[in-house]
Each structure stands twice: as structure tokens, then as C-alpha cells.
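Note that the chains take the letters A, B, C and D in the order they are written out, and that residue 1 is the start of every chain.
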């Protein structure tokens, strides 16, 4: 029972990733694309934690931590570039 | 005295994060405590954020209250966004307004701006000295005092006690 | 379950690669190549290679984006100087 | 044990619904600032609940500490990144949508420019 509900949650998160990718395709300005990238990052962290829990390997959560740190830097770099160039 | 307080706070913070990452294992806890001590000694002149924290019983009580109020506002804001997004007519009246804050400390302003971003319908766009420019999804008043009271006041009361 | 994940992530990756190649705006191309390595690291993780996934996340999504942005801003600066002369 | 499993699964499901809501908000809103509002708030609470539900549901693998670290990290950095993006977008001159009522920041900037000239 619990397994099935968690699987459904994983599918919904994957759908959310695909929907925010559509905004990245459409986005009229670069800032829209950067917002879509930010959202995709957060959803991917959730997906990584989901995969880690499914396969019961605790080391996968370290990947999620590294991922959160690095992609935060990436979004900040894009924002800085839009503002005035690095 | 100030340096001692700052160092102890940094050490407790670092050790707490290390403990969360590793769990109850004697060897790792010992190694972590040594490494945390080294980092504290090297970096305690740069971590000025911890200096502004007040450590009285009243401020501890207020920080717990603040966390509770913040979580309630976060959940409320999500239902607010949900109702706006799910509505087919998309009921928004957005715009950028200006509010004034009484807080002096930098870290207090940072936490206030973050809290504003996560509460219903508001997003901090720019900060200049004592003024915050806020993108508000549903503008109801024009006056700067009214907007300050509606957006900022409920957090400011607590943050004023915690950070000063 | 896992197969569906890999298929959908792969489709998104291909679309992002097409955007990166076809787009006229260089910043868009950089952002979409960041998306590609972001999703590639999830696929590495599904194929049970956490070390590769960590490296891909650090280098592909973080460092390459920053290096590309730095290079782009330098190119713009040089172009401006040439135009001024 | 079974109760914890079900509770965690339901929290995970609610979190994923919030994530979906954030994506729909990003698709539907008219301009970049409103998109940021929907994106930041819904995805912050959504991913927090998703991670917390996974941690409760799979509590026997001992990963709750790392999940708490991840939740705290997301809670602190997500508003900062959206704030940086909003500031950059306003600085780059992206206009608000037509339904917007007013823009104090732009008025103040023009006032400053007028005073300096």
C-alpha cells in the first residue's frame, strides 16, 4: 500500500519536472528560463532522494547534497550574469 | 567575551551539522569534534553573523514562537498560491510596493527578507538601507505605512527581540 | 518504474540538446546544457553509479556553466572594444 | 511500523502535489515575477514535505539526519536564489505584466536618475 502511494508520488514529481521543462522551451526571456532551471533543480533533488530511498542506499543522499550546493551556485551565477556580467 | 560567545556558537553549529550527517558512531564523533575545533579557530574572525544573536531566555522563547508562526505562514502561502493557480480566471493584481523596516542588524534583515519571500503573495525584489521593495501579488493599499503593517510587522516583532 | 524514469528523462535531455544547438541566444544554450548534465546525473544515479553522478553534478552543472558564463562575458567585452575602435 | 509507512507515504504524496502545482503555476502565470512567486513557495514546501515523507517512510535505513540537513539547506537557499533572480530581472529591465498596478522601484530609480542629472 505505502509502496504504491510513494510510486505515484514519484510519477507526479516526474510530471512536474516535464511541465517546468515546457516553460524552459517556451520562455520568452532568459530570466524565465533561469526560473525554470531553478524549479527543475529543486524537483531533481526530490527525485534523487526518491531514488535513494527506493534502492535503500544511503550514499545516494550525499549526491543530493552535493547537487543542491552546486546547482545553487549555478543559479546565482546565471542571475549575476543577467544583472551585470561576471 | 564576544569572541568566546561567537566561537562557542560556531562550534555548536558545525558539530550539529556533522552529527546530522554521520549519526551515532564514536570514532566519527571524535574526529568530527577535532575538525570542528580547527575550523572554529581558523574562521572565527570571519563568521560575524553569529555575533548579533542574543542569548537570553526571552529570545530563545521568541525564536521558537517565530519558527511556529513562520511554518503556519508557509503553509498558508502555499494554499494561497494553490487557489490562485487552480482558478481558471487567474485572480491577480500584482505590482511592486515599498515597505520600511525597523531592524538594524544585517542577519536580521536577511532572515526578514527570506521570510517575506516565503509568505503569502510577496517576493522581495530589492533592499536599500531601511526600505524593501516587494513584489505583491494582490495589492490592496497604496500607503507605505499600511503595507509595512500588513507585510512586515508580524515578523518584525519577533526578530527585533532575537537580533536587536 | 525505473524504465519509465529513464525514458522520460532521456526525452527531456534530447529536447534540451536540440534547444542548445538551435537557439540563437547563447545564454539559453548555456542554461539548457546545464539542464542536460543535471538530468544526466540522475540517469547515472539510476544506473547505480553514484560517484560518476556526483562528478557530473559538480562539473557538468556547476563548473561548466560558470566557465561558459565567464567566457561569454569576456567575449562581449572584447567585441565592445573592437566596436569602439 | 505500518502506520509510519502510510503516514510517510501520504506526506510524500502531498509534497509531490505541491511540486506539480508549482510547475503549473510556472506555466500559467503571465510574467517572470509572478512565475517566481509560484515557483519558490510551492516548490519549497513541496520538496520539504517530499523529503520528510521519504525519511519517515524509510526510517529504518537511518537517513533521517541527512534529510534534515537537505531540508534546512533548501529552506535557506531557495528564497535567496529566487531573490537574486528577481533582482537581476528587474535590473535587466524586464517589464511587469499588463495587469500590474504599479512599480515603486522603477519610479524611485527614475527619480534618482533625474536628481543626479
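In the analysis below, contacts are C-beta pairs under 8 Å (C-beta built on N, C-alpha and C of every residue); 3 or more make two chains touch, one makes a residue touch a chain.
Only a predicted model underlies this, so the values are computations on that prediction, with no experimental measurement involved.
Under the contact definition, chain A and chain D share no contacting chain.
Ranked by separation of Cα centres from chain C, the top chain is B. Spacing of chain A relative to chain C, judged by their CA centroids, is 13 angstrom. The distance from the centre of chain B to the centre of chain D, with each centre set as the mean of the Cα atoms, comes to 15 Å.
Our note on geometry: chain A versus chain B, Cα centroid distance of 23 Å, whole angstroms.
In whole angstrom, the spacing between the mean C-alpha positions of chain B and chain C is 32. Under the contact definition stated at the top, the residues of chain D that touch 2 or more other chains are 22, 24, 36, 44, 46, 62, 66, 69, 80, 82, 87. With touch defined as above, chain B holds no residue shared between interfaces to two or more other chains. Across the assembly, chain C contributes no residue that touches 2 or more other chains. Shown here, the protein chains touch in a chain-like sequence that does not close on itself. Under the touch rule stated earlier, the contacting chain pairs are A-C, A-D, B-D.
The touching residues of chain A, when paired with chain C in their complex, are 7, 10-11, 14, 17-18, 21, 24-25, 30, 33-34, 37, 40-41, 44, 47-48, 51, 55, 57, 59-60, 62-63, 66-67, 70-71, 73-74, 77-78, 81-82, 85-86. Residue ranges of chain D in contact with chain B, taken from their complex: 18, 21-22, 24-25, 28-31, 33-34, 36-38, 40-42, 44-46, 62, 65-66, 68-69, 76, 79-80, 82-83, 86-87, 90, 96-97, 99-106, 108.
Across the complex, chain D meets chain A through its residues 2, 5-6, 8-10, 12-13, 15-17, 19-20, 22-24, 26-27, 32, 35-36, 39, 43-44, 46-47, 50-51, 53-54, 57-58, 61-63, 66-67, 69-70, 73-74, 77-78, 80-82, 84-85, 87-89, 91-92, 94. The part of chain C that touches chain A in the complex is made up of residues 1, 4-5, 8-9, 12, 15-16, 19, 25, 27-28, 30-32, 34-35, 38-39, 41-42, 45-46, 48, 50, 53-54, 57-58, 61-62, 65-66, 69-70, 72-73, 76-77.
Contacts from chain A toward chain D in the complex involve residues 1-3, 5-6, 8-10, 12-13, 15-17, 19-20, 22-23, 29, 31-32, 34-36, 38-39, 42-43, 45-46, 49-50, 52-53, 56, 58, 61-62, 64-65, 68-69, 72, 75-76, 78-80, 82-84.
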